[in-house]
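Once you scroll down, you'll see the structures, which are given as structure tokens.
You will see two complexes here that share chain A, one where it goes with chain B and one where it goes with chain C.
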Partner chain A sequence: MMGVVCVYAYNIPEGKSGQQVVDSLQKQMDIIGATKTGNFCVDCETYQSHPQNAQQRSIHILHNSEQPATCFSVLDSGTVLVSDMLFDLIMNTMTQAKSGREGFFQQRKGFKIESRGQRYELADFVIKIGSVSLMANFKGVLIEVEYCPSQVPGDCWNLMKEILQSIVGNTADTPPSYIKTKMDSLYTPADTINQYLEHFNAFRKTATPGQQNR
Partner chain B sequence: MDQMISKVSKFAPTNEFLLQGSIMENAHDVLLHRLRGLCDNSDSPFETFTDNEMIFSMKNTTITQALNLRVRHSLIEQDSWQVRYAGMAEMGDKNRPTMVRHVIDCSTSDNIVLFLNELGFRMDHEFVIKGFYFHKGRMKVTVSKIYKMNQPGNTENLEPFSTSSLVELSVVTQQSGGEGIAEDMKSFSEQLKPLVQLEKVDHRRLQNI
Partner chain C sequence: MADNEVERLTQAISLTQKLRTSVTRVFSDLSDGYHISQGNEKASLNVLQKALLTVNDNYSDLEKLVPNLNSVNITAPNSALVGIDPVYDKTPIYSQITHAHKWTNKVHKLADYASAILSPNQLKRTHQGGQPLAIKRQRKTPHAHAIPPQGVDQCISALERLWSDMPITLSRPMGNCAVLQITLSRTLRALIVLRGLLIESVIVKAYSEDFLTPEGKVDLWSRSRYQVFNKVTDMVTAATLHFCHPQMPDLSLRSFLVWFNSYKTLFSAPCQKCGKHLQGAFPPVWRELRTATPQHDGCRQT
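Moving on to the complex of A and B:
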């Protein structure tokens, strides 16, 4: 069972480093009385069809430590396949070059991205502060807040807004764009994955200082 | 991801030991009772299954050797969907009692068919398979009949391929840890003789028929 999750990018103030921002957010969690409950990680790899395939697709393969035995595969068409971790092996089979022939899919180099950090619990909320890195380059900070007792975003948005605004400020005046279309539907773990993917795609487009954008 | 793959592939059950055979209609019930007596849970009723299996394949102009994935959908437990990759079964030499093949079984959400179509896979063929399954320790035995679907997508309008049933004995293990299992399977299959002759079947020869 899971609740409703909202994920926001934290605006890093000018002149501050990512680490400083994470430190001050963690301090804030201590002040509001949240308890540390370990680490979390959401990771994403991207694959592309072999140029000769009839169908040209990007596939994003994501994992979330909150659902440790699950693999999420998201197509650029929007279809999300939720499956066992063994799908990683099937993807590997489709990617592998075999006896001289190429694979049907290729892993996109330099696209591995993840959000990793501390997980907190505060009464009915789970809060995660993640630093995002693309191939070990720091890209930004993502804040995830989950309200566990509800399954419909529209029912709990006003409540979530209050805690979210106290952490990420007025970015949280409106629900995350992905959630806006789902206010009345049942929330699922795949919705969390889609929110992370939206942020990951945006981070991939931003240039890292001192490094060429790919 | 690469770390993930090596971790998953080390612990995931992906090594299948397999023996196959068939049984005529008139001896079918005798075999079922024999298996019930030999296998675990002999006092419970027969466990049955009815699955729709769809074989999806992908190839392109430069990669002509197709990659096949088999989707199984239970028609009894309608929420159950699985996708399986099965490598070529290795016969091994005469001393090896069973075939061995690399398999990846993966439970998925119900949109797997849409997902594979969007990825560029095309359905090659499909059939319905009905039968009984038994287990003894980690060995699995299925006795099943394959049905042709007269209309694509219609799992009601069926026609049996043959009056005989397929008998399969298999064990899926991790990459290491399969020692001795093939011997256990061999001795189990001895107990089913002369009803069924479970053997290694060279699949490469079947493809040329």
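Moving on to the complex of A and C:
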């Protein structure tokens, strides 16, 4: 069971490092009275069908520590397959070469990306502050806010907006683009995965900021 | 009529005992064996035949009586089962339950009388009773807590048709008391325990939660996993007192449900007093009693 989740990328101000931003966000969590409830991680690997196949297809495999026994597979079309962890083994088999034939899929090199950080609770809200890293390079900060008691984004968006704006500022004036199309439907964990994937894909396209600075 | 019933039952029991004795005699004679002297076989067979005939007679006597017996009501409440328990002699629980039950009935009755007397006087702050209708009814014996199940069923099915976004299902998982399960839009679920038409308790949970124990039975006790719904449960429980009106139990249940229906905007409506959605990470969990406008718990007291 889960509530409605909004994920936003935090705009890192000029001249500040990722760590500084995360520190100040964590300080802010203390101020609003949220309590630390451990760590979280959302990770993503991307596979591509072998070039010998007529159509080149990608498949993204994601895990979310909030659903530790679940494996999410997302196609480029946005279709999400929700399965248990055994799917990882199937994917493993499909990437292996067998009897002279190459695997159906191959892992895309340098595409492993994850968001990792502290998890907080405030009444019925769950707030997660994650640093995103692509192959161990810092790429940015993602803020996830979940309102657990409701399942309809349209019902609780205005309520979530108040807490979101106090964390990410006017970035949260409108719902995340993915949520905009789902305002009237029942929210599911797969919707969270799609939001993360959207952000991950965007981060993969940007240059790594840390590399020039450090 | 009840005496008759008891008489027949006693008769049936004594007939059963008779039958048992005669059957036992046949079998004990057979197992003990007979002393049969030469030429006396016939006499022994006669003895056996006589015994068997007695069994037959006893049996048909009992059979004649049985159709006149009403089957004992098996759907007795759980408290009655406690009464059957042989350990009962050692624990006073059954007599305590009966005692408590009698007292609650008495309290309900007296409270109803009191309210009937008070309602014509405008001392009451929360209700404008005292209409001719109330006066006419006040001579009647109070009954809000003792309405028969059929009456409750009728009342609920009439109420159910009033809201399309609030389906109500009625069940009786523990004997006579009706339990209402309400789904309000896609916002929340509620469980209401009734005694007659009086509201005994209300529990509010999330739309994603249910009211089932791990064994799949109706769960009357557990609270929501979410803090907001536990706050709403407290608020709603307090409000049931306001809506309670023993002279017009159907109307009081109805006005309670009209008010409760306003909780469908629990997450979407801002507080009417401060205009905000959140106060201390909670939405407006209170609904004003007359106007049903949403308010924060902290704002309603100011």
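Methods note: the second predicted complex is superposed on the first by the 204 of 214 C-alpha atoms of A that agree within 3 Å, B and C clash if a C-alpha of one lies under 4 Å from a C-alpha of the other, contacts with A are read in each partner's own complex, and residues count from 1 in each chain.
Convention: a residue touches a chain if its C-beta (ideal position, glycine included) is under 8 Å from a C-beta of that chain, and two chains touch if they have at least 3 such contacts.
Since the structure is predicted, the reported quantities are computational estimates derived from the model, not experimental observations.
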Partners on chain A (chain B, chain C) - clash or fit: fit
Which superposed partner A:Gln26 touches (first chain B, second chain C, both, neither): neither
Touching partner for A:Asn137 - first (chain B), second (chain C), both, neither: neither
Superposed model, chain A: greater residue contact from chain B or chain C: B
Which superposed partner A:Lys112 touches (first chain B, second chain C, both, neither): first
Chain B, chain C and vertex chain A (Cα centres) - angle in steps of 10°: 70
Which of chain B and chain C A:Ser65 touches, first, second, both or neither: neither
Overlay on shared chain A, then closest C-alpha pair between chain B and chain C (Å): 18
On chain A, the residue positions that both chain B and chain C contact, one per complex: none
Residue ranges of chain C touching chain A (in the complex, touch as defined): 186-187, 206-209, 224, 226-229, 267-268, 270, 276-278, 280-283
In the complex, chain B residues that touch chain A: 1, 4-5, 8-9, 12, 14, 58, 60-63, 65, 67, 69, 83, 85, 104-109, 111-112, 114-115, 118-120
Chain C contact footprint on chain A (complex, rising order): 1, 33, 122-125, 147-152, 154-156, 158-159, 161-163, 186
Residue numbers on chain A that touch chain B, as the complex places them: 43, 45, 49-50, 52-55, 57, 59, 61, 63, 73, 75, 77, 79-90, 92-94, 98, 101-102, 104, 107, 112
